[in-house]
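Labels for the chains are A, B, C and D, by order of writing; each one numbers its residues from 1.
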Amino acid sequence: MDLDALMRCVGTTSCIVTQLTSGMIIGMLLFLIASGVTLIFGVLNVINFAHGSLYMIGAYAAWTFYQLTGSYFISALGAAVAVGMLGVLFERFLMSKVYGSNVLMQLLVCYAVVLISDDLIKIIWGPVSLSMGMPVEFRLPPLRFFGGVVPPFYIFMIVAAMAIGLLLWLVIARTRFGNIVRAAAVNGPMVSALGIRVNLYYAAVFGIGSALAGAAGALAAPVRSLTPGMGFSILIESFIVTVIGGMGSIVGAFVASIIIGLTRSFGSIGFPLFVDGVMFLIMALVLIFKPSGLFGRPHNK
Amino acid sequence: MTGRWRDLALAGAGLVILLLVPLFGAPPAIRDFIMFGMAYGLLAMSLNLLIGYSGLVSFGHAMFFASGAYAFGLAMQSGKFSIPAAFALAIVFTAVLALIVGAICVRLNEIYFAFLTLAFQMLFYNVILGWVSFTGGDQGLMGGIPRPKFLGIDLADRTQLYVFCSVAFIICIAILRQLVTSPFGYTLRLIRDNQERAAFLGVNVPLVKLTCFVISACVAGVGGILLTLFVSGAYPNFGFWTTSGEAIFMILLGGSNVFLGPLVGTVILRLLNDITVTYTSHTELVLGIVILILVLGLRKGPLDLIAERLENRRQAAAQAVRDAADAGAADTRKGGS
Amino acid sequence: MSSIDSRRTGRRQILKGAGALATAGVIGMPAIVKGQSGAIKIGVPTILSGRVAVLGQTSVGGLKVVFDKVNETGGINGRKIELVVRDSKGAPQEAAKVTRDLINNDGCQIIIDAEASSGAFAVQEVIREIGVLCIHSNSETSSLTADPKLHVPTAFRTARQGIHDAIGGGDYAAKIAKAKGLKKWATCSPDYAYGRSNTAEFMEYAKHFDGNIQVVEESWPKLFQPDYTEVVTKVLNAKADAMYSALWGGDLVAFIDQANLYGLFDKQASFMVNLGDYGVVDQVKQFPQGVYSGGRYNRTVPPTKENEEWYQNYVKTQKHKPTNWSWENDVAAQMVVEALKKTNGDTNGKKLAEVIKGMTIKTQFGVGGSVTMRAEDNTLVNYIIGYGVSLSKEPYIADFQTSPWEPIYELEKQWKKKQGYAS
Amino acid sequence: MSAAEILKLDGIDVFYGASQILFGVSFGVEKGQSLALLGRNGAGKSTTMKAIIGLAPPKRGAISVHGVAVQKFTADRIAREGIGFVPEDRQIFPEHSVEDNLKIGIKTGVGGRSDWTLEKIYDVFPILASMRTRMGGRLSGGEQQMLTIARTLMGNPDVLLLDEPSEGLAPIIVEKIGELIQQLRGMGITLIVAEQNMHFCLDIASHVAVIDKGHIVYRGSIDELRANDDVKKRYLAV
C-alpha cells in the first residue's frame, strides 16, 4: 500500500492527466471487447467465453494485413471484417447448436474453440511472440497537456473506440436493424413469427460483437505483444466489466470499462499489488448488492 | 438389502478393486494415473453435487480444492501437526471458508451465482499469489510436503500412499452417495427443479443450499489434499479459474445426471490429456476437436446419454401400452357419437 | 439442467459407471515400456502450449543440436539417445505428473527439466523420490539449488542462477551509475517470484557497489499483463535517473513498444537484463538504442568462430533462432553426454550424479571456453554473464563486458550466509 | 377437400419432448372463411396454432399454405408464406414504443402486397395512433391485444391466426375486440380464431372445429354447432 504516493499524484496535474488518460486507454480497449460480450449476451442470451480468442485473432489478422499492405487503417478494418465473418461462422456452425441448452454446454463449446484457436495460432504464426510496431503514421512525439504526457496513438485509440461505441449505440437504438435486434433479445420466436429471419439477425449480432473484438485486437496490435493465449487475461477483465456494467447493457459496459481503467491506472500508484484483487472485489460487491449490474435489468430466466 | 446398505457394499467393493490394482503388480504409472484421477475426481464429483443435484452452477469450485491443498500443505510444513490432524485442519479451514463465501453467494441465482463464485475464487487466488512469505506465491509450497509416519502408516511409501488415497476417496464418494439418496438429496433436487415450490413446501432454501455448498467444498478440499500428497506441493493454479473450468468439463464429459458421471468424465479428460500429450505436441488442438465432437455429436455426457436411452426405451414401452388403451377408447367414442 | 429424475440412478448406472471407468483405464493407458538396453531415453517435461510455448521450442532445439550429433556419430557405446518431450502446459502439478510418467511409463532413465521455475520445483520433488538424474535447464530461481533444504543429490542446474546475474549486473550498473551520476532508480519487473527476487538482488548489489543509488519507485506489472500503460506512466512520473527491468519475452516486447510511445528511453538510463535475446530483439520494432542490455544469448557473445558456427548450425537444423534457453539446454545435453560416456552408458542416477558433480566441459558459453558444474551445490558456474549497450540493428549489442567470476563467488558466499543457506 | 383451401392441416402429430399433444389433427380454411377452433383449456388449441406458424413443428403430417408444404419450414418462412400469427398472452415488446412494435411487423404480403401501412393501421386502430410513443409494456391488456393484432397486420398476412384473443380481458374490451375482428373479416381476411369462449366466436366465425385432448372431434358450420347441444355440452362446457 502506498496511499501517500496516490495523494502526491492526485496533487499534481501532470500526474492526474497522465494517469487519467492511461486509465482511458486501458478502459476503452476493454470497452470494445466487453461491448461485444454484452451485446451477444443481451441478444442471444449466451456468454461467449471465446471472445478473447476473437480478440487475439483480430490482432494477428491485423499483423498479417499490415505486413501485406503496409497500411494500418486498411489492416485494422480488414481485421475487424475478417473476425466479424469468422464470428458469423462460429455462430452458425457451433454456437447456434447449443442455444437453449444450459450455459455449461455453451461454455464447453467456447472452451474447445479457445483451445483450437490458440493452437492454430501457434501453428500458423509460430509460438514466438510477434509485435506489429507503431505504424508510421503514429510515430510522433508524445503530446503534452498540463504537464501530462499522452502519445498520439493512444488519442487515436480512445477516439476510435469511443466512435465505434457511439456508432454501435446508434445502430442498436435508432435503426430498424437495432429495433429488430432489441425485439429479438426479448422474444426471438415472436420476431420470427412476424416473418423476420431472426437467425440472420442472431448471426449478424454475433458477427458485430466479434468484429468489435477484432477491432480491439487491431487497435491493440501496435502496442501489445502478440502471443498464443493473449486473449486469456483480457477475457477475464472484459467479464468483470460486463458484470459490473450489467449483462446486456452497452452503456453499462462503457461506464464499467472506465471504472476498471481508472482502478488500474490509479491503483498501480496507490495499491499496486492489490489492483487485480480490487477489480474482483468491485465485481463481488456489485454482484452482492446489485446482481444485475450497475445498468443492467434483472435477468429473469 | 436396503439401498443404503447396498451402496455401502458397493463402495466396499470399489475399494477392494482399487486396492487390488497394486497387488496385481500394476505398474506405478497406472497407480499414478488413478491417484491423480482420484484427486480430480473428487473435485468433479463434489462440484456435481452443486451443478447436477442442486442446480448451483459454480465457476469457483477450485477455490476449495486449493484451500484444502494449501491448508494441509502449510500445516505439514509447519511441522506441528501429524497427518490426520493436518487433514482435519484443512477440512475445517475449507468448511469455514465455504461457509463465509457460501453465505454470500447462495442468495444469488444462476449466472450471478456463477460469477460471484468466480470473483471469490479469483480473490482467493490473488491472495495466494500475493502473500509470498506465507504461500510461496507463484512458486507454490516449495521443498516438498513432509510425511511423518502416523499409526504405523508411512505415506512416503508410494503403495501406502495409494492405499491411503483410495480409502479417503471411497469414503468421500460413499458420503456423497449417501447424501444424494437421502431426504436431503431429494430436497436438493426439489430446489434445482423448482425453487419457489420448494420454498412453498417449507424448505429453508438458502440454508439447504449453504449446507450443500459447504459439504461440497469439503469434499473438493479432500481432493486438494490428495493432490498435494501426490505431487508433494501445492500451487496457485489449483485455485485458478481454469481448474474450475476443467472440473466442469469433467462433469459434462461424463454426465451430470448419473451419480458416477463426473468420475467417468475425469477419467476421459485425463486420458485425453495423457494420450494427446504422449503422441502430439498439439494437445490443445486435439483436445478442442474431441470436445467439439463430444458436445455437438452427443450433446450430453456419455453416461447421461446411456441413462436417457434406457429411460426412453422404458417410456416408449409404457407409451405403447397406453396407445393401445387409447385406441380402444377412441373406438368406443366414435361409436357413441 | 435436469433432464432425468436422478432418483432412477440406481445400481445399474453406478455399475455402468464403474465399468466404463475400468475399461477406459485399461485401454487408454499407453503401453508400458520397460527401460531396455536399446536407446537411452531422456525425458523432457517442458511447456509447449500457451504463451510461453517458445520456451519449450527453443529448449528442445538446444537439446536436439547436441543429441542429434551424438546419434549421428554412433551414439553412446552404440546406443542412440532418444528424447521424449512432454507438454506440462505450464502447470506444476502436471509437470510432476508428466515427469513421473516419463520415468515410470515411458522408461526414461534421465530427466532434463526444461520447465519454468514453478514447474521445476515440482519436478525437483519427483526426483527426490525416484532418484534418477535430473538437470534443470531453465529455472533461474536461486533457491532451487542454493537452498540446502531443497537439495536433491541427483538434481543439477545448467540454467543461469539469478544471484550470479544480479552480482555481475549490479557491478556493471554501479560503474555506469558512478560515471553518469545515476542516483534515483525506478524498477519495473513482473510480479512473480523470479521478477521479485531478481530485481531485489540486482538492486541490492547495485547499491552494494555504489552507495549513492537509491530506489525511488517500484512497479510490479503482472506476468503476461497485456497493457503496461499505467506502469509506464508511473515510471515516467517518478522522474528517475535510471530504471531496472527484469521483464522478459513477449512482456518485454510489449513494454518497450508501449514505453516508446511515451519516449521513456530518452528520459532515463535503462538496464534490462533480458533484453538481448533473439525473440525479443527480433520482435521489437523500434528497438531502443543505448539501453544497457543483459547478456542472454547473442551470436556475437563471445565473438568466436565456435559461437558463430553453433548459431548457424542451430538456425539451419532447428529452423528458428536460438534463445537463452537454447544454450542452457545445450549445456545440459553436453553434460549428460559426457557423464554417460564416463559411466559407459550406465544410467543409474547416483552414478551419473557422481561423475557430473564438479564436471567441467568445454563450451563457448563459458568464460574462457569452459563451464563447471560446481560440486558443492550442483550449480553451473563460469558461464558468460555480462552487460552491453543495445544497438537497434544486428548484432543488437555492442561493448559487451563479461563479468569476472571471482567477485561473484565471493559475494555469492556472503549472500548464502545471509539467506541462511550456508554457515 | 376443396382445392380452394388456403391453409390445410393434414393429420399432424405434435410432441413436446416425449409427450404427444396433437393426434392427427386435420382441417382447412378457404379464402375468406373464418374458422373458430374451439376447445377447453389444454385441449391443444394453442399447440395447433403454434404448429401452423412453425413454433411447434409437427413430427408427422402435412401443413400446406397456398398448396405449398410448410411443415418443415421455420416460423419466419411460414410467416412469409402469408400466415400472420397473433399469440396468446399478447407478446408485445414491452420496451419498444407502440410505433416501434408496429414497425417490427412491417413486411410485404404474398405477391408483394402492401395493403397495410402505418396510416391505415392508425385509421383502423385510432387508440394506437394516440399512444404511438408509449412503451408497449405500459399499455392496458386490451390495448396490448390491439397492438399485437395490428403488428401482425403490418405483415399483410393472407391468413390471420388469433390465439385466444379474448383471454383475460374485461367483457367490454372483449366486445371491442370482437367488433374489430368483425371489421377485419369484412375486409376479406381469412381468419382462424382459437377460443374457449364459444359465444365470442358465434358472431365472428363462419366455420368451426372442436378439439379435445389433441383430437379434432367435430367440424361443421357455425350454425350446425349452434344446433348441436351434445358437442357443446361434451367438449365446450356450455
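Going forward, a residue touches a chain if its C-beta (ideal position, glycine included) is under 8 Å from a C-beta of that chain, and two chains touch if they have at least 3 such contacts.
This is a predicted model, so every value here is computed, not measured.
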| item | value |
| --- | --- |
| Two chains joined by the most C-beta pairs in contact, as defined above | B-C |
| Chain centroid nearest the full-protein CA centroid | A |
| Chain whose Cα centroid lies at the greatest distance from that of subunit A | D |
| Where subunit A and subunit C are represented by their mean Cα positions, the distance between them in whole Å | 34 |
| Rounded Å distance, subunit C centre to subunit D centre (Cα mean) | 73 |
| Geometric centre distance via CA averages, subunit C-subunit B, whole Å | 36 |
| Touching two or more other chains - residues of subunit B | 51, 57, 283-284 |
| Interface hub residues of subunit A, defined as touching at least two other chains | 102, 118-119, 122, 273, 276 |
| Complex contacts: residues of subunit D adjacent to subunit A | 53-55, 74-76, 79-80, 85, 87, 91, 93-96, 100, 103-105, 107, 151-152, 155 |
| Subunit B partner contacts - residues on subunit C that touch it in the complex | 1-18, 20-22, 24-25, 28-30, 32, 48-49, 85-87, 89, 91-93, 96-98, 100-101, 104-106, 117-118, 121-122, 125-126, 128-129, 141, 143, 147, 149-150, 192-193, 196, 223 |
| Residue ranges of subunit B in contact with subunit C within the complex | 3, 6-7, 10, 14, 17, 27-30, 32-34, 36, 51-53, 55, 57, 129, 132, 136-140, 142-144, 156, 158, 180, 186, 189, 192-193, 227, 230-233, 235, 237-238, 254, 256-261, 263-264, 267-268, 271, 274-275, 277-278, 281, 283-284, 300, 302-304, 306-308, 310-311 |
| Touching residues (chain side subunit A, partner subunit B) in the complex | 47, 94, 97-98, 101-105, 107-109, 111-116, 118-120, 122-123, 236, 239-240, 243, 247, 273-274, 276-277, 280-281, 283-284, 287-288, 291-292, 299, 301 |
| Parts of subunit C lying in touch with subunit A, wherever the complex brings them together | 1, 48-51, 53-54, 56-57, 191, 218-220, 222, 224-227, 229-234, 236-237, 249-251, 253-254, 257-258, 260-263, 279, 282-286, 320 |
